[in-house]
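So that you can tell them apart, the chains are marked A, B, C, D, E and F in the order they are listed, and the count of residues begins at 1 in each.
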Amino acid sequence: MKLITAIVKPFKLDEVRAALSDAGVRGVTVTEVRGFGRQRGHTEIYRGAEYVVEFVPKSKIEIAVDDALVDQVVEAIIKSAKTGKVGDGKVFVFELEQVVRIRTGERDSNAI
Amino acid sequence: MKLITAIVKPFKLDEVRAALSDAGVRGVTVTEVRGFGRQRGHTEIYRGAEYVVEFVPKSKIEIAVDDALVDQVVEAIIKSAKTGKVGDGKVFVFELEQVVRIRTGERDSNAI
Amino acid sequence: MKLITAIVKPFKLDEVRAALSDAGVRGVTVTEVRGFGRQRGHTEIYRGAEYVVEFVPKSKIEIAVDDALVDQVVEAIIKSAKTGKVGDGKVFVFELEQVVRIRTGERDSNAI
Amino acid sequence: MKKLPMLVSVAVLACMSAAAWSDSAPTAPVVLSVDKISAGDTAWMLTSTALVLMMSIPGLALFYGGMVRKKNVLATLMQTFAIVCVVSLLWWLVGYSWAFTPGSKFVGGMSRAFFNGMTYMHDPINKLSVSHLALTIPETVYAMFQLTFAVITPALIAGAFADRMKFSAMLVFMAAWSLLVYVPIAHMVWEPSGWLNAAGVLDYAGGTVVHINAGMAGLASCIVLGKRLGYGRERMPPHNLTLTLIGASLLWVGWFGFNAGSAGAADGRAGMAMLVTQMATAAAALSWMFAEWISKGKPSVLGIASGAVAGLVAITPASGFVGPTPAVVIGLAAGVICFVAATSLKHLLRYDDSLDAFGVHGIGGIVGALLTGIFVSKEISGVANSMLMQFLIQLKGVAVTVIYGFAASFIILKLIDLCIGLRVTEEQEREGLDISLHGESIE
Amino acid sequence: MKKLPMLVSVAVLACMSAAAWSDSAPTAPVVLSVDKISAGDTAWMLTSTALVLMMSIPGLALFYGGMVRKKNVLATLMQTFAIVCVVSLLWWLVGYSWAFTPGSKFVGGMSRAFFNGMTYMHDPINKLSVSHLALTIPETVYAMFQLTFAVITPALIAGAFADRMKFSAMLVFMAAWSLLVYVPIAHMVWEPSGWLNAAGVLDYAGGTVVHINAGMAGLASCIVLGKRLGYGRERMPPHNLTLTLIGASLLWVGWFGFNAGSAGAADGRAGMAMLVTQMATAAAALSWMFAEWISKGKPSVLGIASGAVAGLVAITPASGFVGPTPAVVIGLAAGVICFVAATSLKHLLRYDDSLDAFGVHGIGGIVGALLTGIFVSKEISGVANSMLMQFLIQLKGVAVTVIYGFAASFIILKLIDLCIGLRVTEEQEREGLDISLHGESIE
Amino acid sequence: MKKLPMLVSVAVLACMSAAAWSDSAPTAPVVLSVDKISAGDTAWMLTSTALVLMMSIPGLALFYGGMVRKKNVLATLMQTFAIVCVVSLLWWLVGYSWAFTPGSKFVGGMSRAFFNGMTYMHDPINKLSVSHLALTIPETVYAMFQLTFAVITPALIAGAFADRMKFSAMLVFMAAWSLLVYVPIAHMVWEPSGWLNAAGVLDYAGGTVVHINAGMAGLASCIVLGKRLGYGRERMPPHNLTLTLIGASLLWVGWFGFNAGSAGAADGRAGMAMLVTQMATAAAALSWMFAEWISKGKPSVLGIASGAVAGLVAITPASGFVGPTPAVVIGLAAGVICFVAATSLKHLLRYDDSLDAFGVHGIGGIVGALLTGIFVSKEISGVANSMLMQFLIQLKGVAVTVIYGFAASFIILKLIDLCIGLRVTEEQEREGLDISLHGESIE
């Protein structure tokens, strides 16, 4: 199995989730994160003190999938998360050694 | 070493931490996440506009452990996090190549 | 490629980011997390009810890098995040199988 | 005072003050000796002024601010705050003069521009100017009290176009609207030389002038501006109803100044106005809450708060004219009707009245203005028209305000759109107005 | 006015108003000419009414809302808001009449049901009705002022059972409690035909009627309902003390209306009541703060805010009877005693009075009611009993309220529990009442 | 009243009240019959007192609380709340007596220590004590009104040293400052035996006594304490400007009590004071906003709120002396000058006046005090000095306050630093004062 992690623009989250669902993904875990990269943040000024807010809010989506699904899922993410503008984000893929479903104790593919 | 990631119901967090402690785990890192899966969220209505809140709040626990401890730790999590109802969550296990303790520069097993 | 994850004290975040930048890192993703470990939290008392806040706020930094850069980056983190006091945090290194830049579809080293 | 046909009005004035006027009552501001002033009435009107300002800031600002998404909360607060500032200065410039000095049927004169001639003369002169509309209090107090009405009315409109208007365009719109829509309607309805006043339209504290007027402007602006980006597709739940509930509470408390203050005095009529305000508000809050509970399954905080505001709106025109039991009826009706307007009508007609400025203030104002005609008590009001006749007069007042309020707002908005553009860019809207327009954010 | 034995009371009334009554003072509401009304007194009572409503919404709502967990904040705000609405209508229905018209020793008559006969008659009649308990202000104002007391009292109870009562059951309980507990006690203590009033019990602004009463109901309800799920094991720290501090501040400010408004007039007694309120509150806030600092190591925001409320509660019954130096003593005592009650007694006796409705209002009310007997100044109050005698009378008043308040609340709660159930399901409690009961949440 | 040279003052008093004094006016508190009291004036002064307390809690507390980092918000709120409590008790102890009873040129007497002799005597005596500075209201009310000024002034200082002072040291500093700085300056400027009062310095509601005074103490304290850890390097944006905007709004509303209440009566002068307050505030808010918009590119919420406060500060000394058009000018000037002070001067001179207590209150107070000399209207004020002469007198008042306020504060702070230390440890500052000093945090 693999764990696919996608960092995307928050307003794209719903679209990505829909695309993942179509690609057969049942569950995902989402975290609000702050992204630093090529896309620049904004500046805030409070009584003359300038603060450059360097980060951009991003959503991180984690998806455990069977090996067979990996390409398809990555493709689905890319398609649905893309705006073509800087800051669209990244997809990372990791090897996932074990998965357990806590409720049932099922393991690996059955647990996803 | 391995990194064990558990997604659990937030109100189970304290119990899981206690169980981990008993299993010899010294430290963990916890993140608030939003889970999408079989467990369904709730509906909110604001002046006639319905919003289905599809996610369920979850706590993600990350634990770096020596290989020897993995099974024991996974078992401890499953036991303590289980309610038997949908949404109890998952455990993921990853290979962890290096660990460094920043304070001392100690590495790997010594750093955990 | 590798994914380097560093758990550091929040007020060190800016310094670490500067050091990473000097080490040639273009982008990072940051998450606010709660750390449990040797460093102890604090106690709050509300009308006689004591609550031990066991966790300490930490910042988790995730950095995808080429294999060649790993040591250098880990070193940069250790240097910049260190205060020498308990709770300085950890660095974890994982194997990263694939990286895709969503905007361009570029892969792996080109995508970082 | 101001909401009565002239003759009645004068009669009331005569007896309201301890010192009676021997001969003809004034029809324009006059300079009087300080001992004609009632300290008690003045105390209450100073207090009412503070209460009504509190309705706008922080009341209304919070009521709206809690309902928008987190990325727009500061921009929403800022709108109310800036409107208060701009309209205050316009009131000094010419607004008060055009509204509350005698003039044509449609607008007052220029005699009080820059508050010219509004004086207080220290000992040994011991004189001050007094409005013909409130003879027992200093004119400064009357002008300030009316200022607080003038500032809250445009601020109400902002609920309709939340999250998408340029701040610069909003300032221009509100300034124009205040002078071209609010001021003339206030003159027509409340100043004895105004034609609706002469026609006998009853509007005790602003059902037409304030609420229908703002509601129609809201409707016009959400139509002209179009929907929020992603409306109907993306999630736009209120980010923090705690703020909304604080806002609704302060609106409620402040409204005592609005309605009981409209007596212009600390007297029995003010007392009755406060009592009926409480009755209608409580009734409307519960009627919205139960309507929602029955139809949607849960009673909500936003619902009960919205219902309370609907009740406050509906009792506004009636507050000096009806007794407590009719007030309960008005409240029950307003709660349920505004509930339908905000939850169904809006979605049916597909405009994005984002925070229901029209649904609550427009509709609630109409309900109140019409029911005032039905429930007006001769005993309390001194008005002796038959129910049917008064209802028809009220209908006329409503119709004029609906039409003028909508049309004038629509035209002003279109003109501003042509000149400088009304709407923020898509990117700004997506990023949120707090950061994109004001360079600030909340944690 | 209302807290004095009848004879004294009448005497005060006679001299409080500019226009003196020539012959016997009324013992029931009367219709008077409008010129008997004092605009100054009316102005202050209108203001006080607004201030006391502000104590409930948003004051108390925020005070409590900030102390609960984030998942219950909206539900907590909603309780206060809904109670205000329901009890307002009950006041109209029959509450005012049963409390403040003459009747039996235990409850008033029906003559003012639906506010029947509470009139204001416009020119040319120029008459209005006036309560026998406040002869210089319109009866509408007196009824509204008392309404704000009637709404806040049940709202105080909600602190005891936070986070676990069904909203529907809460509505039923509060409605029943208002009519069956608050109204009779108010009649007994404040209306001249009430037996505790006749017995000479001194309660200037509601130490027994409001605070002990609400505190005992709170104790009953947290016993009947049981503890919150996970109490003692799970973390339940206040989620946002900013809200609590806003609430405490608005309670403080609003309490000026509560205590100084209880003079029924803008006079020297009102002034003294305000001054002693400030002294006791400041003293109690500091005494709680220092007690905590010494015993727990840190002075806390929740502590100083709780102390202030304890001081406000304790000075309530005494506020029109004592001078500033005794007020400081009352405050110091209340701060430290309520600190012990809320931080130790509760844990010792193992009830879950979640937000210390009993610990602060019950205990603080008892402290205040008893110390009133000790510190009452003949000069200020006109009451000439010996200290011992007055203390015993006070003890009687306290005992009656404690017993009746607890027993009646207990029975009502048990009955409701039998009929519809009081408590939410475990799942609802775990999910939080905001989402489970009201379908809303804050970000 | 209190801000006039003695003779004028007496004249005003004589005509302000319905019942005129036949012979010489009192120069010290007196006991009068209750019928000398004006219920209307008393009603307004009771209300003003509530409004001014609301300025401190929750107004100022929130204004400041929203501007600090999240980890310090509770500590910031706590400072204001605790100052209110401590200074209230000091006022009773001796503060009122030293400030507002006749004595030397620099400080009053001891006759009212513990509010000794401040009485209200119930029927049948029917007398009460009255201050010679406000003859138509009970002395209790005058003392309470002035108490609210005494508590807010030190609370203003706290903005300068936010996030780094020990709570214990702060309590000691504020107690000392109140008695050694505030009280003498108040006596000198406002009590007829004070030398600046005799010299003809005009300060209607506290431009020198409150704002310059607090601003200079703020400057002294941020210099003595040094900068916040990481100042200039780390990010320290306001964590929640929603709170700040609520605070600014409540300050605005409450300031009506501050300025119009300083008339001591519900009369024409109070009305004019309220009107000019509104004009100056609106003008200053917009002038800061546009200055920022032009120079920094965006109009900000913090900017418009700060501008409003700057306007309120600047109009304070002038509010009973000028007409509406000069008020607009004062506002425009204050907005832009304080903008420069807070955004440039501070960074130029490199002190860390964290929330601009000096930049807004110090500078705004100076602007207002000097412009009062320019714009004072003979008609409104009864003061007949030439513009130049009055300007020079004002300059003297400003100079004395600037020098004494700074020097005395500096010395007190240094002494406290020597004895118990002023500043928290680096670790406490880093962790945040909420947790480290008070053991609490917000979610």
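Just so it is clear, contacts are C-beta pairs under 8 Å (C-beta built on N, C-alpha and C of every residue); 3 or more make two chains touch, one makes a residue touch a chain.
These figures come from a predicted structure and were not determined experimentally.
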Intersection of contact partners for subunit A and subunit E: B, C, D, F
Chains contacting each of subunit D and subunit F, listed by label: A, E
Comparison of A-F and C-F by number of C-beta pairs in contact, larger one: A-F
Selected pair, out of C-F, C-E or B-E, that shares over half of its residue contact pairs with A-F: C-E
Copies subunit A and subunit B touch via same or different residues, half shared test: different
Separation of subunit E from subunit F, taking each centre as the mean of its C-alpha atoms, in whole Å: 33
CA centroid of subunit B to CA centroid of subunit D, Å: 53
Between subunit A and subunit D, centroid-to-centroid distance (C-alpha), Å: 48
Multi-partner residues of subunit E (each touching 2 or more other chains): 38-41, 43-44, 47, 238, 246, 266, 296, 298, 300, 302, 439-440
Residues of subunit A whose C-beta touches two or more other chains: 31, 44-46, 94-95
Pairs of chains satisfying the touch condition: A-B, A-C, A-D, A-F, B-C, B-D, B-E, C-E, C-F, D-E, D-F, E-F
Interface residues, subunit F side, partner subunit E - complex: 34-35, 37-44, 46-47, 49-50, 53-54, 57-58, 61-62, 65, 73-74, 77-78, 81-82, 84-86, 88-89, 92, 114-115, 118-126, 128, 137-141, 143-144, 147, 167, 243, 246, 266, 437-440, 442-443
Residue ranges of subunit F in contact with subunit A within the complex: 235-238, 296, 298, 300, 302-303, 306, 342-344, 346-347, 356
Residues of subunit F defined as touching subunit D within the complex: 11-12, 14-15, 18, 38-41, 43-44, 47, 51, 70, 238-242, 245-246, 248-250, 252-254, 256-257, 260, 265-272, 274-275, 278-279, 281-283, 285-286, 289, 296-302, 304-305, 308, 323-325, 328, 378-382
Residue ranges of subunit B in contact with subunit C within the complex: 3, 17, 26-31, 64, 94-103, 105, 111
Touch list for subunit B against partner subunit D, complex: 44-49, 51
